[in-house]
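Quick one: the structure is below, and I'll ask about it shortly.
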Amino acid sequence: MDKQPSLPPADLVLPLLLLGGIALASLAAPLLAPYDPNQIHMAARLQGPSATHWLGTDTLGRDLFSRTLYGGRLSLMLALAATFLSMLLGLVLGSLAGYFNGWPDQLITTLTNIFQGLPGTSFMVAIAGIMGPGFHSLLLGLVITSWAGFTRIVRAEVMHLKEEPFIEGIRCLGASHAHILFRHILPHLLGNTVVLFTTRAGRTVQAIAALSFLGLGLQPPAPDWSVMISDARMYYRSSPHLILVPGVCIFVLLLSINLMGDALRNLADRRSQEVWKE
Amino acid sequence: SPAAPAAANEPAGTPAAESTAPAVAEANTPVDPDAEIVLAGRRNLAPGERDAYYCSSILFVWEPLVSQDSNASPIPGLAEDWEMSEDGHQWTFHLRQGVTFHDGTPFDADAVLANFERMGGEVKTSSFYPLHVDTHYPNLQEVLKVDDHTVQLVFSQPAPTQLYNMVNFGSAMYSPHNFSEDGYFNGLAQGTGPFRLVENVLDEYLVLERNEDYYGEKAVANTIRIRVIPDVDTRFAAMKAEEIMGVLDLSAITPALAEELVKDERFGLSSTKSTMIRFLIPNGTTFPFDDVRMRQAASLIIDRETFVNELHHGFGTPTTNILNYSTPFYHDIPVAYDPEKAKALAAEVLGDQRMPITFYVNGGEPLQKTEAELLSVWFSEIGLDATIQVMEWTAVREEMKAGTHHLARAQQGLSNSEAATIFRRFMLPDGDQNVGYRLGYDNPRVNELMAAVDGELNLDRRHAIYQEIQEISAEEQPIIPLFNDVTLLVFNKKLANYDAQVYGLDLPAIGWAE
Amino acid sequence: MTASSHFHTKEPIQPVMTPEAATDAHGEAATDPPHLTLDALAVDFHLATGPVRAVNGASLTFHHGTIHGIVGESGCGKSVLGLSLLGLLPPYAAVTGRIHYRGQNLLQCRERDFRRLRGRSIGLIPQSPQDSLNPVVPLGRQLLDALWHHALPRSEKQSLLCRLLNQLGFSSPASLMQAYAFQLSGGMQQRVLAAMGVAADPAWILADEPTKGLDQISKEQTVQLLKTVTAQSRRGLIVITHDLPMAAALCDQVSVMYAGEMLETGPHTLTTPCHPYTRGLLASLPEKGFQPMAGKPPALGTRFTGCAFSSRCPAAMARCQTQKPPESRPKDAPRQKVRCFLYA
Amino acid sequence: MLEARALSKGYATGLWRSSVTPVFSDVSLHLVPGKTLGLVGPSGCGKSTLARVLLRLIPPDQGSLWFDGREITHLSGKSLLFFRRRVQFLSQHPHTFFNPAYTMKHSLLEALRLLGDGSPAATFNQLTAEASLAPLLEQMQLRPALLSRYPHQLSGGELQRLALCRALLPQPRVLILDEATSMLDVSVQSQILHLLKDLQVQRQLAYLFISHDHEVVRWMSDEVMSMSSTGSASLVALV
Amino acid sequence: MGLYVWRRLLALVPVLVGISIIAFALGVLAPGDPAEIALNRSGLYTPTPEQIAQVRSELGLDRPLVVQYGHWFQNLLRGDLGTSYTNGRPVAGELLRRLPLTLQLAGSAFMLTCFSGLFFGTLAVVFHREWPDRLINLMVNLLLSFPGFWLALLLILVLAENRSLLPTSGTGTLAHFVMPTLTLSAATSAIAIRLTRASLLQEMGKPYMLAARAKGLHRFRLVATNALPNALPPVMALLGNYLGGILGGSVVIESIFALPGIGSYAIEAIFTRDYPALQGYVLITGTFYVLVMLLVDLLSVMLNPRVRLGGASSHG
């Protein structure tokens, strides 16, 4: 299969570059930013892009470029952490539930049903109300509202895989449940999981943005793209750059996450594409 | 949905139909003066049967006994004339004659009595102001019918400022047949106003029709539909698309969007004073704001000019006075901005320490967070490092009750123009806001002055007392006022006489422009 | 007419007439009989571990209206050869040479043309039955799918299938049509596949081990069916099998494949074997002594210069190692074509 | 050694699992070390099902299973795993018996790796394990290069032989062969069968040999059992 | 299967109880004294401690939590979800009044999602690696990368504000639903397309697809009738999930488009800490979700013959 005519990971290069760029810019923000992102300069507010302020300034005269550099940090971290945690939970619980019939399945399914029925946004706001707003309650809210979805998908997938004849083959060898789960079922899930991860990470970014839209996102004055967008809503008609800059950033972030998912799936699906190709 | 078909069956009246109609009319065909006018607000202006008032006063459906003019002074409403007894214990009201409610019931002393009877009993809740006889008519003993068109209120204590309490929401009059057993409503509100409410679909729209039997000057517009559009941006878009001809009610449009809209020649803007004052709540029960010098420092460091001009596009008047500028008792006190003095005062309190403080703002109000960011930069100059926490208003209030805040952002509307209400609530030790917001404010002089007010019948002397209290408030800053708000409205120039008022809009005056 | 009413009708089926079949039926006169001719067909798989040449320059003509058997060593490239006729090899397989069919070279077909060919002109009975049935689609639907290009009312298609299944020994075809693959035993799956391949009534049927795992009776039924189909409507049939007695009984021609090459082809291959490999094969039959040949076949990647079988050949000569034997016709069996220096 | 007493099995069928279709009933058999029991019967009579029941892959409806004098009908947990390692299975469908995501080498070595599972004494050594594969492949007439391929890249016969390899690797004591040679050419078939016979003698293996080829069954078996399509089984003499 | 359905229905009970517990807990855990909030809706009136105490005992807030829950649950079973703090109306009535609109919106968005997910997903596989596939992929990626409320604002800006093609907001005609439906289904449609495509591609690699291709089936038929049934379960799970969550997902959309459904009710409830309303909302969305998922589960069981017909191997 060396002469693989299917897409080489070339389609992985662009998203990787983009994501890497975003991550790098966020990390190196203190070095790159020409101004303190929170420095207010009322005389220079709502300016368009210029030589002094490359991307212009916001309502309080803060340098948009500097804020943009810093703005990816929290969203990105939050999205990754929340998705990772809920996926971990989903993988563990989902495969347990899918593989073992009986009470583990029943218990986990009941729990997923309960938690998945919770309306996401409202519930997150409620959690923020109970725990106080901030990174932690957002994280908790995101995990609580998304683990169940993962679990459900993983469970369905595992139940499906369990019926494959090759699993019977492996059982004949006297393989333990753990072996079957970890060596045969989970690896099969991995491709899908990675794709799910990217999809979910994208959606988490969106969820954070939606919360910010309601004015309940991350706490100021920390610059954050989604918060910047919701702040800019007041002004976007007169100063479109206010919403465009963070908007484009979020868009590019989401796009690269999604492209990444696509590319990863292409990798994972090599085999099927081998057969189905004309 | 119960509402949708109703709207859909009404060919001329659907908003969709409306949206195209003006576009057609643009080609200089004269507008039918009776065509429906569609406006929009942020919330239900007529929350309905379970609201103590059914609808807001700005719809001109019901009328009060005592109304107010543009300077917020009491003027005759359904009561043509009144007098107070020498001792201030009795108020006699002469009712306007020949007035009927929309349901045909005549307006007379019996109707007034029925309304007063309804005000007794339990507190009736409302999204505007709670309704209870004790809040609007403290110490009321009796309501007497003198004759068919004269009513007398008897108080156990002198009530010289009672008139102010009765303004607008304080003396709303409905048809006596309008009430359900529990004191709420049994159907659409039946008032006496220039408009009658003919349809009310909660959360969607309501329809007003001109009251042809109105005793006074009749409304210009034949029908007005007022839609509920919660999102300000959508209201803006609807304005642009000419789906609606104007906006009304509180926060009808933000200054930035208003300015943006009037760049388009089709639209106009109207603004006037509002009863709303926006301020900071310092937690006066803990360090550092329990020290008056810290509050003064915080107030002095705020550059209110910049604040209003930059963030609110100049729509508002900077103030340090606790009293809103819409009341006749308002005393204009120059606004001080003195960073040096502020720093000095703060240094006296804090020494060379810096103090972390928690600053709560309401996430539901779009600008509050930006305001807070700006304010916290200024506060950092006087040694206060603010952590801004954005929450819903109810949560903010809860936090304040628990006293976890150092600062919070709030606002207060003045339901009637009687200044004492505000002083009482904010500045007396047992005032509800003083307690609820943890202002911790207790000034013997203010207590003394307020005690004197209660028996004071002489208006001039009241004025003097009020002035002194206002000066004290500006000096000691129990709350830290930021600015007096304006009522800001935008409208399509196809409408004429779209004038903002202290509380709303002169709805009966608006009509299609020639 | 319900399917079950056909239970015991044992009359042979009347395969549907495709336009192609119709012309063929009338037409000895058909100018271009749809023979299938392989010309130096070679299939290479390019694997990470090195190339694999599964078919190595096979040249052969399958004559229409006859039954052609392919036997040979397991793993010698029979299935790959079959799949290459249908263009169903994975994309990393490189197919060279030519396959002539009706005046065109199939190897130059695009996927779309191949799709027209599949099912209508060349049908397949795949080798692995469990793998080849869709697990979540009822068998009836899959069987009907095979008939998709026939313009028949659904009920007629159904009754046709019922008769077919009946002939293959299923006593209640109707309930079988509602069943799913996993509910069947291996042999039943095998027979369902056979029915599927035959039902479409293509000009050519490629049956890859259609009788494996079948008991004697079912095997006979299946063979009978294949025979009837070819005989009655003059279809062409290519049978890949390991069942030498069955091949001998069924086929008009039998080719022996070894390591990707055709060693011997002819009508008497299994009765009067010429090539040493064929003889060895027959000798391994249980009834013929059950003696396996010694040694093992060469790796398919390597290009051997001589005869592929030379390393195991009891009659190997010196030039067998170095030269490829040409195709020759033994004198005592002139209808056989053999690649062996014994007959050169 | 492996003994079945009065086994019955039926599949729940029909829409909504309403009815049970019996497959076989009251089947008893005894697999003895060093001996082969042949099993013949028409297609669909329940041979493969019997095999799966014997392997405890599906539970019997009635009857009991015994292994080395211990009842194993309701065995579970570790002991079931150990039982399974002693009794190996060669499926009728080698195509679907391997995980399509793994190379053959992985799948084969897994059989060895699993042996170590649960018994700390046995440690798995990749090198020795790979080395132990080589002679077996040789005997099966398979080239080692095949090991780096995936199941879908192999011919039917190759797969069948690799499946046999996998079944032999754990050094089982009982081998259940379901159509073990159906995809092999006669030469390889006879080679494999000879190999099986040799192994049987060497390791005192017990075979259950399921096939439709009566010649082969006769050649392989010491005793032959015939199942009828009604699901009863009896010992027969093949002629 | 009949038994199976009963078992599934029975399994709903703990789920519903769980949801009710969470809803109840929401009210208990959340800061704020319900009695006080109830008394002081407008925030302009400070109730006396006696009044609060009286209301507390009226609302049963002075009793142990378990008793409170029991009481609350009893009311719940009678369809009484309490009265809203903000407008004094019964929550159940209010939700019922608003539900049809949200269901309408959800229904149309769901149908759009189903249709576009399956149709474009299938199309992408039929034309794998050809321009329709690439185009669909591009569309999917764009839609997925575009935050939902942006789309709403953009649509309003372009279609309503500048062009007056559609009404900006409100209800009434079908046209009013176009933009909300589009925004509500955009992201999920994209995900559904993606998943359908991926799932189908995976199926296309299975050996039995080779056999199906050997029948010479047309590409579309091959994908739609042979691969789709196998590829459906994950897609169905996603769609069911979406339908279940859609009631909770319309929060922002409803407020932007001024649609008085239960989503905008929830938003009001959130901002005013109107816990009875929020509880009612959580209950109703939770229950709806559970019912939808039950349906989806039953459907996918029906679609999976192995589970339905008992081919499933039991684990020993």
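Think of it as A, B, C, D and E in the order they're written, each chain with its own count starting at 1.
As a convention for this text, contacts are C-beta pairs under 8 Å (C-beta built on N, C-alpha and C of every residue); 3 or more make two chains touch, one makes a residue touch a chain.
Note that the structure is predicted; figures quoted are calculated from it, not measured.
Between subunit A and subunit D, the least number of touch steps comes to 1.
Measuring from the average of all protein CA coordinates, the nearest chain centre is that of E. Set against the Cα centre of subunit B, the chain with the most distant centre is C. Taking the CA centroid of subunit E as reference, the farthest chain centroid is that of C.
Ranked by C-beta contact pairs, the top pair of chains is A-E. Distance between chain centres (mean CA atoms), subunit A to subunit B: 44 Å. Chain centres here are Cα means. That of subunit C falls 29 Å from that of subunit D. The mean-CA centres of subunit D and subunit E are about 50 angstrom from one another, to the nearest whole unit.
Mean C-alpha position of subunit C lies 54 Å from that of subunit E. Within subunit C, the positions touching two or more other chains are listed as 47-48, 128, 130-131, 183. Contact with two or more other chains is made by residues 125, 129, 165, 168, 214, 271, 274-275, 277-278 of subunit A. Counting partner chains per residue, subunit E has residues 31, 207, 210, 270, 273, 304, 306, 309, 311, 313-314 touching two or more of them. Subunit D contributes residues 52, 55, 57, 81-85, 88-89, 91, 93, 96-101, 110-111, 114, 117-118, 150, 166-167, 170 to its touches with subunit A in the complex. Residue ranges of subunit A in contact with subunit D, taken from their complex: 164-166, 168-176, 179, 183-184, 187-188, 271.
Those residues of subunit E that touch subunit A in the shared complex are 11, 14-15, 18-19, 22, 26, 29-31, 125, 128-129, 137, 140-142, 144-150, 187, 191, 194, 198, 201-206, 209-210, 233-234, 237-238, 241, 244-245, 247-249, 251-252, 266-267, 269-270, 273, 278, 281-282, 285-290, 293, 300, 304, 306-307, 311-315. The residues of subunit B lying in touch with subunit E in their complex are 1-4, 7-8, 14-16, 19-20, 23, 47-48, 50-51, 123, 125-130, 132, 135, 202-205, 227-231, 233-234, 237-238, 240-243, 364, 392-395, 397-399, 402, 415, 432-433, 435-436.
Of all the residues in subunit D, the ones that touch subunit C in their complex are 11, 13, 40-49, 92-93, 95-96, 141, 143, 145, 148-149, 153-158, 160-161, 178-179, 182-191, 193-194, 212-216, 218-219.
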